[in-house]
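Per-chain numbering from 1; labels A, B, C and D assigned in written order.
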């Protein structure tokens, strides 16, 4: 725990979820770093897709926008938004990473507003962007986020992006594509997944230096425990070296 | 068609394809010279109260010059399609140009942070809003481009985004599945920035097209701003490269660096320092007024704005950055 | 009537319908010749579109297929079928020319089959192709066809392509785009349009050398007469010269 | 969703997007070498009973080599998408490959006349048929490419084409208008002929794309035949030119003159004399058997077929015709 920081830990944990030959729809920042790290470690055939149209670029550096030139630099295809989103909808995209101001126990995300009045919100956020679309279509949605009571809330002010909705089979009943949904929530303290029946969030892995209690204390709802909770493996020297020297040499994401 | 559920948001535009057909029937199909100044194009084709859409992806291949001109000419009470709208939204918010917005992504500038000005405006209660997602708005433009009143999609279902949209949920008569219907969005007027166009409006885009091919087909009036005019002979030399045909286009404006301070792929990268100046200036509303006076109201046109921010020299630096030439330039 | 043939007459009559600045969706053969003749006479700004994707080519010769290389030779755009058909559906295309094995008094066309058994037809034809689409979407549908009792029938064996359906407001009620429909039927003997209320076919113009009776005798249903029936103007020397020397120098369409 | 009217035709494929998703979920996304012989590709990916679709426009950029190989390998009981299917339909009819067809345009070869062989087969009662139009089938592929069970359109309504289709009419919940719903068409397997592809399947098409971009996305398995293989570096040099990405593709076969005797835009024009030979030979069923033996069953591959019809010399003539070089060549 001395030789890596929280962001490096989260990116590494996320990268390990991306097996070789998978497809992933990513945004800027940590998700993009995780995908790049995965490509340079165990998953050279990981296919990165950007919602604005870039497919499998040879990223020369971190993009600032999911549509900037870097997202289709030496790409195999520079396409458009409908093509990418519909590729997701057809079931071609395995993973996506999303975020939000709030998340609930079913993995529903809020990136729209705080406060009850929709036309005059207390705080207005950007809205869905492509988040609702990716979460609806991609098989496995993941979140990289700090563990924080104000983020992990009992009830989000606005469901911008679907998790397991009200749990159980409510997502399947909604009409969203079958079999897709939230998969892993990766925080600075641990990793959560969802109990298969109730679809409630549960801790599967705890980061070195933290306890289940730490995670629960920083969460606004009751967390379940997976039958077997592991200790999260910290980044290896090799992972750290690639992340620091090749993925994010200017430390835009992993910080200084 | 039995509607199972419907959003409470207001539909800000008319999805009726027959009304759109009547408009398009009267639109000229003549291949005539449509070149004019951006000032004239905005004056002629962008009216108070119109529903406006902007091409590109917020700060990528976005007609920022046209956004400035719309603000400069003081348009008001417009509708707006907030389809990954970032720096364009920031500029138009600064002019308080619109009073109703279809929202997919607004206020934010992606990794750069949120626009204080856009946020203040959207929290003021002055703007009527209807919620969507990026793909929803893309699909709504696609429906309009197809000439049908809606297309079905499988996103949005089950969320508050749906509840505050103007979409409807129905059961599919082939599969029994619940589907979201995205109503066609025919903007009154749109502006798209392209790499090359001829004087008739036949246009080429390099790199990702985002939602612009559908937008060009969905919109009632279309202004093309282009990095450079090319000959019709060159267009005809390789018709595979044309993605927007002339009959969709009302005005063609040659505006070099028309996406600045955004990124124009294969031309120039975004000016991240200047975009940060915007975000910083917005924090103090009074200081921001001065900033707008300097950067928009007192500028005659986009060329003056470019001069204000380093002119050709700066543009060449951004060009080098775009092409990853001189690594030190990238290191800012 | 000595210096032009029937095909030259029909093509010339068709060409005159295409005003400058109009858009027309055409097939191979006579319609394409008519559009080319129109461009070279009064309508230089006529926009020709082919269903497979060609827009406004500089046709170097008659295409063999509505998708062959000629249909996008020096075109302003080489697009695809959905783009062209949806451009028609949006209301951008003014005219189209169609044909068929049978036509009825409402301009409905059959290009599918003869005989009652659909799964085992007496004669099977190609089917709609793009005809139903063009007739549904383009504002004004025209037909160039020989005047013949076996073609002009009381009831077509199969409505492949919509005319005015059962007449009156039946087409508007069907859900087809409002305001579009059959416009002119051009034969070797005359020109027909449709009575505005009943939508029944009526003779508006009779070719030199023919009478109303000739047309009626070669038609399987009762024809109406327009309030004023004109004599069709034969091709001028200029029209004939352009048609023969520039449009169809090898006389593929106009014959030898 | 209230169905006002429905066609009596049978829906020959499953429009359920969740079933398609399950298939696509398991399809490999690895960018690996997929180059193989056409013979192997047809053997591996085209099975008896499969529903087949063919790219191009009948005799334009149509994978005729693949059609020959399917006939040569004796596939039977297939479903088929007759989407402006001309010479391809003629070839596949000759092999009596299919027993059910979605019809938009079949039997005819446009201005060239009708195929006696295809006509006999379609009048034999051996083939189950469902009627559509060119745009209907294009829209059905588009629905599949969008991952939804249908898209609405405004054609087909009011006709017998509708009555014998498997479409449905509903009332639009936004406008009250009647709409035709085109059910998604996911073919089991498709073949598309392109100008250039890399070994992974990233493909470029020059000129009109017809319905092939949607077809590539709708089909469960996809065989690409290409005039020439190019390097992945060349693909990455200009990603705007790629219209079919590798993850859609199962096999890449380099087949020079793969569209012969059809027209390959920017490569070679159609061999109209040889196409007439087909039509003529078909008039007498016995003579046609001999013709098929010579041209398909006794040919090892497409190269042998090309040799039979003049080899490189003839191909060069057709190339000259394509490029309008030597006017006398055009005059046949």
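By definition in this document, a contact is a pair of C-beta atoms (placed from the backbone, for glycine too) under 8 Å apart; a residue touches a chain by one contact, two chains touch by 3 or more.
This one's a predicted model, so the numbers in the text were calculated from it and none came from an experiment.
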Distance-maximising chain from subunit C - centres being C-alpha averages: A
Pair joined by more contacting C-beta pairs (B-C or C-D): C-D
Separation of subunit A from subunit C, taking each centre as the mean of its C-alpha atoms, in whole Å: 57
Separation of subunit B from subunit C, taking each centre as the mean of its C-alpha atoms, in whole Å: 40
Centre distance in Å when subunit A and subunit B are each reduced to the mean of their C-alpha atoms: 28
Subunit A, residues touching no fewer than two other chains: 54, 72, 78-79, 82, 89, 137, 177
Multi-partner residues of subunit D (each touching 2 or more other chains): 17-18, 146-148, 153-154, 177, 179, 206-207, 239-240
Contact graph of the chains (line, ring, star, complete, other): other
Contacting chain pairs - touch in the sense defined above: A-B, A-D, B-C, B-D, C-D
In the complex, subunit C residues that touch subunit D: 27-29, 51-54, 60-61, 64-69, 71-73, 78-82, 85, 89, 108, 112, 118-133, 136-137, 158-162, 165, 170-171, 174-177, 250
In the complex with subunit D, residue positions of subunit A that touch it: 20-23, 45, 47, 54-58, 72, 74-79, 82-83, 86-92, 94, 137, 139, 177-179
Interfacial residue positions of subunit B with respect to subunit C in the complex: 17-18, 20-25, 27-32, 144-148, 200, 202, 217, 232, 235-237, 239-240, 242-243, 245-247
Complex contact set, residues of subunit B against subunit D: 1-3, 11, 15-18, 146-154, 168, 170-175, 177, 179, 181, 183-184, 205-207, 239-240
In the complex with subunit A, residue positions of subunit B that touch it: 56-60, 82, 84, 86, 103-108, 110-112, 114, 119, 122-125, 128-129, 131-136, 138-139, 142, 153-161, 164, 169, 177-180, 206-214, 263, 265-266, 269-270, 272, 322, 324, 330-331
